[in-house]
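In what follows, subunit A forms one complex with subunit B and a second complex with subunit C.
== the complex of A and B ==
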């Protein structure tokens, strides 16, 4: 199903040029990380790897980011669908609100969240009374902070994905007598699938790296970035960098799993085959 | 030809940038690394200093004392001056123990501080609490107390030391345990100033913090007895009885004395000397005092013999020459 483009000599030259230019960016990403990894002596990595608190922090981060990414999908994708498929007054305003967390300094985001979810907050009080949910120094607080800073990635990626679905395909399916929900599930979602997964991956990535907003709500339980910072304060750069290497390796492994997972490949909807 | 033209344009731009960089380097810039609690007074000191020395720019960076020391010792960032919230940070990280490079060999005590609790009008028991009953009220269930992490931050272990001393001072072995029960890990941050917003929002009722911060932020605060608040070098041996158990081992109480030094690797040792004289002198001391710090009638120095000659007259030896 995948179209293999044949490289003519001309486009081959363009590609080569683009590879060279793009390689600069790739190198500027890889080199610092490579520097971090090679800077480490295996002894430091082993020393840090033997600390149970390092692994518990990584577990908290991975779990928190997964929950945040799931929440972003559940609440963000419907919003993205509406934004992609309908015109309404104030749409620009809604889109701007979606992007806003990207521009808010993260400590400010943390303080704002504390206002709402804290001991006297408008959501904090009822959630504590009804569900016993507390957000101060808890896993729930970590998730809320991660969600706030990372949700825009889920909504934006999904919106682009939904916009890319040709409305004529959906109309054709409808004229064939398929119900609106079935069209959504069997045509729209499969076509938008790669974008949705990109959104989830970006959200996860942004969530797992968050420090500023998280640390306002929860220093303990420690997430990986907070633990790295605490290691830096207690022992110095070697131990902090060693844990960073471990975290990088895990995140890289997770990314590769995401990318090669069979569900990743957006299949063309069976209706259109 | 086109490409060449662009290249030459870029070269010109590059040359201009380099030229700008050189001219910036020629303006004398003094780099000061200082403890986060010193941010307000040192910003004022720097302004006053720049006014008195228009040819010098002071570039200050503030952060946790250990972090700033590590930036020099571990990350090899260059600075002329280091000023820390706990004088023992300088010998520990800068004196070159265990074959590490030596960054300093003296320090001057510039200011004193005290541990206290700040609170707001909406804090529990805000109308009742005072310097006599504080430990009873802070022990009551439901009071939320914030503090910094004793494993990473001096004010974190100083708070624990103070509470440990309170057990002895008030002759009640449960004070430390009960107050800390209201300050669980969830109420902890890497540094207490990160909890100020939580106090103002009402997430916590009390926050263990330095008196200087209490005064600078105009908070209500407890006037704890001098024998507890770690402010008075005369009680040094009594403070030593207060112990905090941390992941770095047991830490005994010490008077809270801020210290500064000129780094051996300073790019501008002469300017650094002028700056240090300014801080140690009457103007520097007045600014520190205005911001809630205790000052010395004559600053004390550890190994004044290693100080630059002109500075030696400004100080007296550290009492007991102790670390």
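== the complex of A and C ==
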């Protein structure tokens, strides 16, 4: 049973007060974005929108964020499953490591990544020699930087999802003749599905908005935030603002699609039945 | 040796601090063994061990003579039904039942089997419902049908009635007994409710702190508990400290408070201090002293202290030199004065006086 909280006269007053206070936060989010959009002339936006480098930067951003989100899922979900389902010595340390990127300033992250993946980095050199994989100033570098700052969102959301799955459901499935891997696919994943989607969405959103770490490890090829920064340095605020409007519209559209498309959100995929 | 049913021999399990030790069970096809014990006694651990979820230190689990002690849960043929039935919340009733059937082949036979189970359990009209739209009784049917679909060799029930209201619970017990009889599958049923154990059990195992304290037919457990713990747990109405006065060939005489009671037997070793257990349903009340009321006949003058209405009967608490409880069916209550202070005669048949050793508390 869901008990709806009905406002009595006094709690009604509390709610009104809370709405007013919370409204300040909402306004501080919406107003700058609204201001950005309203103070641009459509002609100016159209002019910037005609520049091919604007669109290539947006494409790099979207592609990079998608790959980063996919990597976060592939490497992060198994870790989240282990964290949700088992107790072991040093679990708190692992959890702290997962959350660490949230506390590290992103320029610091960029510098640190440079030492690992840069042209003289400890992983950069062998990966370049063995696989021909370069990170400094490449798409791979963008993905690595995005992944570093956004992976915690994937792991944490998935961990909450996996812990929410009643272990007895998995046990019952076993007694019904279903092996452990099939239980994972047929019980655990479908039940954790909404949280996994939230994790991917948040990871994508965080990755696409990343500037600090990306700009240090991979200035080129330019992502949208880096291109906006470059426009700002070269042509001033107006050019940068016009491109910002375009980027904002696209990111917002993608975010809404991820968040509210029914196939993503409520219903679990039929194949998992 | 061919052996049918479920057999558990000397089972030992160690889980951190908690240990389950020397558990033995023997459940014939269609029979129900009730494991009775307080919370934390290890009942659920025992069930999940039988289902294959905890490693066994020593001992064996045999299903129809086949050793499954080291077999994975999905290959044991042992179905486990949890307290709240653990239905898959994202699946419809029909898909829950189908769950264990799907091994990639599917097809007509699988569909027919689901239809058959839906019909047998009276669930056809609910086939597209989600578990959160079902009542407790309906959930229980779905869980049973889902387990039946894979044709288990053994059923394990983990307090399935505790999630139900009293009326549904009574219905469940009858239905379950009937169901087990019909399917001929041996079952182990875990509960902390002695009344439920009495209603369901062909055989009872009392568990305390991971150890089997007493095993036997329900009558053995309920009328002749081996110690004070079991006696308390099966809710013996009168439990009173007593001291052995004399032991004859045909009876044992005890001093109880201000009265004397004889028991047909007393297995309390060399100890003279005992706890006498008397179930209220065996105490007879009369308005006048019966003809045969000499010493050793266990007829005691008693004063009514309280009479509690329990629906079909009164539970009467008496002062008979010690506190004694009796049940009086309502149809015979008219012949007795049950108002507090009224004087009656209580007869306690010596064979119904059960003595256990008094343990240091």
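One rule holds for everything that comes next: the second predicted complex is superposed on the first by the 233 of 273 C-alpha atoms of A that agree within 3 Å, B and C clash if a C-alpha of one lies under 4 Å from a C-alpha of the other, contacts with A are read in each partner's own complex, and residues count from 1 in each chain.
The rule is simple: a residue touches a chain if its C-beta (ideal position, glycine included) is under 8 Å from a C-beta of that chain, and two chains touch if they have at least 3 such contacts.
For clarity, every value in this text was computed on a predicted model and none was experimentally measured.
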For this session: State whether A:10 touches subunit B only (first), subunit C only (second), both chains, or neither.
Result: neither
For this session: Quick one: classify A:191 as touching subunit B (first), subunit C (second), both or neither.
Result: second
For this session: May I ask you to decide whether A:92 touches subunit B, subunit C, both, or neither, giving the answer as first, second, both or neither?
Result: neither
For this session: May I ask you to decide whether A:172 touches subunit B, subunit C, both, or neither, giving the answer as first, second, both or neither?
Result: second
Problem set entry | Contacts on subunit A seen with subunit B and repeated with subunit C across the two complexes | none
Problem set entry | Contacting residues of subunit C [partner subunit A, same complex] | 48, 51-53, 72-76, 78-80, 82, 86, 88-91, 95, 99-100, 103, 146-147, 149-150, 152
For this session: Mind listing the subunit A positions that touch subunit C in their complex?
Result: 166, 168-169, 171-180, 186-187, 190-191, 268, 273
Problem set entry | subunit B residues within the subunit A interface of the complex | 64, 66-67, 70, 73-75, 144, 149, 151-153, 184-190, 194, 197-198, 201-203, 247-248
Problem set entry | subunit B-touching residues of subunit A, taken from the complex the two chains share | 111, 114-115, 118-120, 136-138, 215-216, 218-220, 226, 229-230, 232-234, 236-238
